[in-house]
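The following pair of complexes shares a single chain, chain A, combined with chain B in the former and chain C in the latter.
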Partner chain A sequence: MDSQQLTTLTGVIDKKMNRQLKQYMDICARCAICKDACHQYVGTGDFKYLPARRAELIRQIYKKYFTKSGEFVPALYEARDPDDNLLDELYDSAYACTGCRRCMYYCPFSIDTAWILSVAKAILIAAGRGNEMLGQLADAAIFKGDNAEMFNDVMISGFEDIQEEVREITGNPNSRIPVNKEGADILYVALAGAHTIRPAAVIFEEAGENWTISMFEAANYGFFYGDTDKARLITKRYIDEAKRLGVKEIVVPECGHAYRVAEMFYEAWSKEPMPFKISHILEKVDEYIKSGRITVEKGLIEGKVTYHDPCQIGRNGGIFEQPRDIVKAVTDDFVDLIPNRQEQWCCGGGGGIVAMDEFKETRLASGSKKVEQLRASGASVLACPCENCRLQIEELNEMHGLGLQVWQVIDLVVAAMPLKGKKPVHV
Partner chain B sequence: MSDETNIDLELDLKGLLCPLPMVKVSQNIGKVPVGGVIRAVATDPGAMADIPAWAKSTGNEVLQAEKEGGEFVFLVKRVK
Partner chain C sequence: METYLWITSVWGVYLTAIVFFGGMGWRIYEWSTTPKSAVRLGMFPKPKSGAGRFAKLLGDTFIAPQSAKIEPTMWTFAFAFHLAALGAFVGHGRLIKEFPVLPEMLGEAGMNTFAAWTGSIAGIVMLAGVLFWIARRTYGPFKNLSVPEDYLLLFLLLGVVVMGDHMRFVYGGTIHAGVYRDWFMSVLTFKPAFPSELLSSNVSVSLGTHMLFADLFLMYFPFSKLVHSIGAFSSNLVRSSE
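This part shows the complex of A and B:
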């Protein structure tokens, strides 16, 4: 590694360095409590996935270039250069991590290993070693933002097709998916998939909401990739759209990281106050049910239902009770997973890992705790408000023969609504 | 156009939800030679924006993106 590249890579740490990171670098006691908290370490038994070990890779560079002891006696203080070997280790550690932050929850010092690994990803990107797939997905999203007119017709055509399905479900020929509606109260930013639009549209229309649909998707692969500038640009697409339409509130879909990106990170990335209220769709649906704006009936969902807290919505987003209240509103046969809420096990599918084939074996092995929990619950239906979690759990479901139906929460709600149209097919 | 184009790889992406159709095309583009063509069939309408956006941003080319009944058929040429 030449000196210029070394300066670039250590410069990434220097730029990210603040009191918080310095504390994380200095304070780890190597107690290894985090090993029992990490689904990936527990599921694979592989030392490289131990959270303290992942963070230690950044700590080794830190010791070499940011401490005198590591600079002068590197062997004694386990200080290392960010050479090819270290960068290879860093790649596996950082991109395999789902960012669930369960290790932080159990760490006596609350060391945020996921945050340390965001520094690792920034180093990898600076070294030209960022994950190619995540980078491509991020770039495609930015391209859609920069060339929105190119996709206008196909987007509107897609919405019109989904609108027909919504009308069949509601039995109301006037149900709509409003597009580019100025003065709407809510901008709903769905995912690219129709399954996140259809049930939401049914609920918004039945609630009599003044809403409009975004031309962009809420998923943010720039966040998973580890490039905050790309992540900001991807989010900015619908923030600008919301400003143009003059809405009051942005509602994000059943997606883990989309909520956290909009609610918790965008202000810091853009350095401007968020001009809108950000809500998760389940917060809205809970309001609609409790205020009587939509009606749901019990008895229409068959089987025992359980609920998985996606890490980015639950432990990292603080939304625990509204989804449970919704599920309990549609069934009396609810059982919680053990443990749950802040202590919920990560399913192993977050952080963009489902898009990275190279980690497939690790990903599926790391779902072992989730499989145990699901089996022990005795449930036949799982409600799960995160796309990545659902993809992972559906794969685990098939692999381990769990016999579960895996549902979006809003699909459960629509199935429990007394509508005049035909019942939707659950996807 | 699909009748006249040599297809190097067929991808059945029916039932996959976005962005997985785009992910699968990206994962498989390296399996065809430069100049080769993937024919991909998806059912999620989001693919109609996702796959062309991916192709444009990666320097590949979508020769065809057509809706045929309830399916979306893409011919994607590997350019580099």
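This part shows the complex of A and C:
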């Protein structure tokens, strides 16, 4: 392969190198204990989706260019160049990975395959092989950040429409969706859909919260794409907004990766301390219920309810109990999926895979474990935070005729609140 | 035969010691001088107290309960192997100095019987572990995932274990630790010599070959995936602290 390209690609590994990555490269025993942890490998049986195999592709380059033993005896490690063959396979294994880190949970050395694949994505991008769809979505978000005035009027009139709906639900003509409110305590950064704003607004208003809505979305396609610079710029949009408005706390929506990006990654990307508290909306809702700031009634939700832990807020974010406590506050008929919490199966819809049509077949096949779990639970209602999880599970629901109602947790909460207005329709 | 022993069991030992300790030192130096990830890679849930976190780190590294849950068969063989390897390592301490307390309790003959039993068990368990791993790497995804390094290590390990077992099961009744200690201490004190019991018996072939494999295995160790033996602690930190 040409030496210019080679220097560029090995340069990416060099730039991304840190102690953990080095150890991951050096210590994997290729024991394949991670094999049955990955829903994609289990669902498809395709070797390229075996977690250690995905990492092995990066290890092959590492061995050849970053270790003496691999340089002298490459055959011992099957060390090789990042040529077209390698990059082809790498593309599939890196962009299909949902970043659930279930493989890491079961690995005896906690090897973070998803992290290794973030390096893989950086290599692919440097080779001009990044996923186009994710790249475009990321660029569009950055464009919006750079040209915020252009979108201002559309956004505000959108919020006004939603405000009307909120008033109908609360039955309170003073319910608001505060826009650009300086001195608010909370900046709520939703997703693009009204369904992520409406129930949140009902809850904030009923709790008497001093909040304001962000002009930007918490979704971060730069993160899925694998470009930390883009990911940083997309997050920076609402960090700057929060600074301008002088809020104390940023609340992200149910979306899983949005929480992890803000809470775990942004500080390292921006190289500055995060000046705000970051909360997941379900942490806030749990607080409101427990402190009596909002009231929910049992019996308004019919049927057995279960809960799916999105990987990014569960295993990777540490939020296990608050959503369960919320669900248990609205129903007596709760059953957990098995396994659950840190062992929860990934639904198969994370990591931006729902936006990439080319992986549709893999994605649907990878839902087999989730389908088994949902069936076995006997539940008819699924409380499911995270937009990506819901898109995936709704598709599985239809495909396998599970007959489940799939709800956002905040929709369940609003449905269980004794409000004067009209009941929201479940979407 | 004496030349073979001098190469594998004297000069080979010196060379191995240099390569092994130098290599491991280099490995630790490289790891510790590479900055940690700026991004928080932690996994949840984590214990709240410092003591709880430390206990979790030890548990995760020595017991790997998560791996046990998902791959019980593999875990059982791996756990048994590592335990037996640890036992064998401790047992080899007799090459330097007779254990305290035990010989007084058991008497000299009793000590040799005890060592024969524990050593035999460890030897058999290690052999079973190695054979299981080799077998596992001959089919399906395990085969596809394996690279020559994996087979080389297992082959060298098999050599070490088989020859060790050979010495134990064939000559165990006649040649005891004291004889090997004379040789090993002579190497450690840089006055290498072989006791006549060793040279006059065919056990010298077994010892030489055991040492040949051990030398090669330990010289390759620092440049292989076996550095997991020291790396596992810091890589597992993500479960408890980071």
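Simple rule for what comes next: the second predicted complex is superposed on the first by the 427 of 427 C-alpha atoms of A that agree within 3 Å, B and C clash if a C-alpha of one lies under 4 Å from a C-alpha of the other, contacts with A are read in each partner's own complex, and residues count from 1 in each chain.
FYI, a residue touches a chain if its C-beta (ideal position, glycine included) is under 8 Å from a C-beta of that chain, and two chains touch if they have at least 3 such contacts.
Keep in mind the model is a prediction, meaning the values are calculated, not measured.
In the superposed model, A:Ala355 lies in contact with chain B only, and not with chain C. By the touch criterion stated above, A:Ile162 is placed in contact with chain B alone, chain C being left untouched. When the shared chain is aligned, chain B comes close enough to touch A:Phe151, but chain C does not. When the shared chain is aligned, chain B comes close enough to touch A:Ala192, but chain C does not.
Applying the stated contact rule after C-alpha superposition, one finds that A:Met1 touches neither chain B nor chain C. With both structures placed on the common chain, the touch criterion links A:Asp139 to chain B but leaves chain C unconnected.
Once the two complexes are laid over each other on the shared chain, residue contacts for A:Glu217 go to chain B alone; chain C is not touched. For chain A, the partner that touches more of its residues is C, with chain B and chain C as the two candidates. Residues 27, 30-32, 34-46, 60, 64, 66-67, 69-71, 74-75, 78, 141-142, 144-150, 152, 223-225, 227-228, 231-232, 234-236, 238-239 of chain C touch chain A in their complex. Remark: chain A residues 133, 136-137, 139-144, 147, 150-151, 154-155, 157-158, 161-162, 191-195, 217, 219, 221, 355, 357, 387, 391, 427 touch chain B in the complex. Across the interface of their complex, chain C is touched by residues 17-24, 26-33, 35-37, 47, 50, 52-53, 56, 67-69, 75-78, 101, 104-112, 115, 264-265, 268-269, 271, 314-318, 320, 341-343 of chain A.
On the chain B side of its complex with chain A, the touching residues are 17-20, 22-23, 26-27, 44-50, 52-54, 56-58, 65, 67.
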